[in-house]
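In structure tokens below, several structures.
Shared between the two complexes below is chain A, which pairs with chain B and chain C, respectively.
Let's turn to the complex of A and B:
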């Protein structure tokens, strides 16, 4: 089974919405027609519902199953103790020697990759040193075999160690109750993500102090000012736009900008685009006042280009405050905004000749 | 290292500072001012490597040189035109007096010459008013085509070489009191060499010594004391700086307290 099909099987849903699953229709087999019809009538689209706790200005999911639902179906949120996918439980179980052996988490893969890379660099340095010595003696490179080996080392996939090394710290006593590890990790959601799950998919219940919030109450929490250029609404417009076009949108704070666009999700591909949200007013003076200086933009572009992504400036046209105040529903408010994109790329005549 | 008189920095269009003299460029380099060479060969207008003279200085570098008495600013014709527009009556009188003086000198010299000529020719009969008219006609007509023949040349030369007020005016026009200049001179005083930091998303990059011998250590940003840095910008800056093995530095100064510029550095730390 190739990597892609296994990923497809692991992440069948792009959002926590499950469309009707229909069996295969075989034209020359009337029984399959009946079965198809029964399935069509009986099944209906479902939405995976999750409960989000709102506390101290943070949105978090506690239950491990719901955490995985949100991660697997649309890659929402971030584990509070992990890089992105909530893997703390798995990693800690492994470290403490509890439970069964599971696949490597992304954090562990990163560590292994770095070690392999270090090893390769060490070997290469040794070989280069030898070559230099021989060259000074007048002998020209007899190391064909060694170089092939080096190349192999570079292209080699990481080896997964099968035996586990356990490592116990004194503070671990509190974590293990009756031989079982308790999960202390949460999945944290961005305001945009919560709003999208609530407003667009209606798949979450936001609870604060044991009381469920309605859609309007949530909006009140997220966007209390109701001002047309509030950073929440401007970012939400962008988030909603790209999510509805089928992209997987995640925070790009680690690259110093607003959003990353993944084709399907982090396990499938690297993000191709980084979005920088820029409010665009009708008033030139205001645009000038809020514009960021070019130095900052060039620095940002360098960071993004350094990780092989493209920087997209997303301009959000800000409607007037009167229009916002007049609009009835949140849907009406959203339709007042419009978006245009500019792809920014550094162009050096000497390096971009072909 | 020592230079008898301050070197001249040409100011073009009030904002570009250029040095054309190789010796001057060597001199400022010894003072820790690097600048950037911007001259291209006429045959290769798209050249962007191995540039030559002139050396362009950052405004801060030019200001620093002038403030420490190493250089004087020589403005371009636009500036002079500007002065013309703002001349006071006494200035105009001064210029006219100068003009009249040179004319007077010339007149007396002509008369002497005329007398000598008449004496040589042995003419004893003097024409009186007729002669005077001839002399007046023989006076040089001043054509303003070279600066040395401009009647006001002397005046302007003195104005911007001797007058501290003018140099100060030029400096104040360059916003000497900005935060970025204060950060620049603070870092300069601690021995750093500065270069423009646009490539690295900062105001300056700072080298611990001559850029030919060292890599830059700092990417310096100037931020107002109460200005919002923006956490996301800090992440981006920190990431960029760490990626190129530098420190991301914020330089600022508390406006309420009379103290030195303070610098803070941000480093990208990896967890786990």
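Let's turn to the complex of A and C:
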């Protein structure tokens, strides 16, 4: 099974709302037509519902199953004790020698990769030292074979260890109750993610102090000012727009900007685009006053290009405050905004000549 | 040295490899002059130095016959009609080649022409300094001009062309696909998004779900910018067939910006530029329908209607490429329908 098909099998759902599944339609078999029609009429999209707790300004999911649902079906949120996918439970079980042996988590893969890389660098340093010695004697580089070996070492994939090393710390007593590890990790969601799941997909229930919030109450919490250029609403327009195009949108604070766009999701592809949200006002004076700075953008671009992504300036046209106040529903408010993209990258004369 | 083979690094500003000065194939090198005090390295360094001094020690001169004179008269620079530079520079009128300010400074700097000031019928030979004093009215513009020229490009002042608008031809397959989409009868039973009945819609594919929650933005405002930006130069890649009489569409168009006094353009200014920019291959960008694979990736990354900005910070130049993106045309929705048993987590 290729990597792509296995990933597709592992993550079959792009959203927590699934299209209806119909039986196969066999053209020369009328009974299958009837069955198909019945199924079509009777079935509705399935929704993986989750409960999000809102406490102290944070949105979090507690139940391990729901955490995995939100991660697997659209890659929403981030494990509070993991890099992105909530893997703390698996990792800790492995460390304590509990439960079954599971596949490696991304954090573990990264550690293994780093070790391989260190090994490679050690070997390279040794070879360079040898080379230098020979060079001082006037011999230039006879190490063709060694170099090939080194190259192989560089390109080698990690080997997955089949044995696990357990390692128990004194404070682990609190974590294990009757031989079972308790899960203390949560999946934390960004405000944009919660709003999208609630407003667009209707697949979450936001609970605060045991009371469920309605869509409008949630909006009141996230956007109390109702001002047209509030950072929440401007970012939400962008988030909703790219999500509705099918991109997986995640925070890009690690790279100094607003959003990252993944094709399908982090396990499938590296993020290709980094979005920098820029408000665009109708008022020229305000626009000129809030214009971006060339130095800042050049710097941001160097960071983004350094991690092999493409910088996209997403201009969001801001409506006037009167238009916002007049608009009724949240949907009407959203459609007052509009979006356009400008791609920015460095241009080097020496590399564009031919 | 071992890194040279192992890790492909890209270098843009390398030291001139003087030892290859006479050989035809100038190669890009690796920055590897960390001093290791070996005899080999020292002699390589010394060799390079010797080659450089040798190359520089040759007297650089031309014969009287080849000497080109450029005259400054009545606020204009004109040169005699000889020399290779004429192929790409200046405008020929009445047996003289008229040059712009940046062209004359560049030619004098290179020693290609001899500048002469004609005043009251008297001819005075000028030095570089006085040419600067007379012509460098826009130093930032000259810096960008000479940088691009020295990189081998053909550069001329921007001249607006008549924009040839290209209309997208109707493709039968796209029409067919559009009809098919309408015929996708099973997708008709979809309730409006953001209502409670939406979840009762008969979604058969993920694209129908995504499509239904897409926002309908109102048409964008198209106000003309209060301060439109100027395109300064048309730039061509080096081409021996280039004729300045009937130049082809430029390869790039460039806007010069002094970063100490200018901020990033507003969206109106950019839109206005994107509308005006004209270069080779521009009309094909929007026609490309490449879906999937490397071609689509390139199309998404390159965008359309690109314009270059030369950012100048007190003599240091950095180029920035801006273009219109169209990420909405990317094909990122999984096409596979969810078939067979699905997990029922609905409560």
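Here is the rule we go by: the second predicted complex is superposed on the first by the 332 of 354 C-alpha atoms of A that agree within 3 Å, B and C clash if a C-alpha of one lies under 4 Å from a C-alpha of the other, contacts with A are read in each partner's own complex, and residues count from 1 in each chain.
Just so it is clear, contacts are C-beta pairs under 8 Å (C-beta built on N, C-alpha and C of every residue); 3 or more make two chains touch, one makes a residue touch a chain.
Note that this is a predicted model, so its numbers are computed, not measured.
In the superposition on chain A, A:18 makes contact with chain C only, while chain B stays out of contact range.
In the superposed pair of complexes, A:295 makes contact with chain B and with chain C alike.
When the two complexes are overlaid on their common chain A, residue A:280 makes contact with chain C while staying clear of chain B. In the superposition on chain A, A:306 contacts chain B only, with no contact to chain C. Once the two complexes are laid over each other on the shared chain, residue contacts for A:256 go to chain B alone; chain C is not touched. After overlaying the two complexes on the shared chain, residue contacts for A:123 are found with neither chain B nor chain C.
By the touch criterion defined above, A:349 reaches both chain B and chain C.
Put simply, more of the residues of chain A are touched by C, taking chain B and chain C as the two choices.
Using the contact criterion defined above for the overlaid structures, shared-chain residue A:108 touches neither chain B nor chain C, since it reaches no partner.
On chain A, the patch touched by chain B and the patch touched by chain C overlap at residues 294-295, 298, 349-350.
Listed in rising order, the residues of chain A touching chain C in the complex are 8, 12-15, 17-22, 40, 44-49, 69, 124, 127-128, 131-132, 135-136, 138, 140-141, 143, 147, 150-151, 154, 199-202, 237, 240-247, 261, 263-264, 272-273, 278, 280, 282, 284, 287-288, 291-295, 297-298, 301, 310, 312, 315, 317, 329-331, 334-354. Chain C contributes residues 1-3, 5-6, 10, 12, 36-41, 147-148, 151-153, 186, 193-194, 196, 198-211, 213-221, 223, 225-226, 237-238, 252, 257, 259, 262-268, 270-271, 297, 300-303, 308, 311, 318-328, 330, 332-334, 336-347 to its touches with chain A in the complex. Residue ranges on chain A touching chain B, taken from their complex, read 83, 107, 253-258, 294-296, 298-300, 302-303, 306, 349-350. Across the interface of their complex, chain A is touched by residues 46, 48-49, 197-203, 232-237, 239-240, 243, 272 of chain B.
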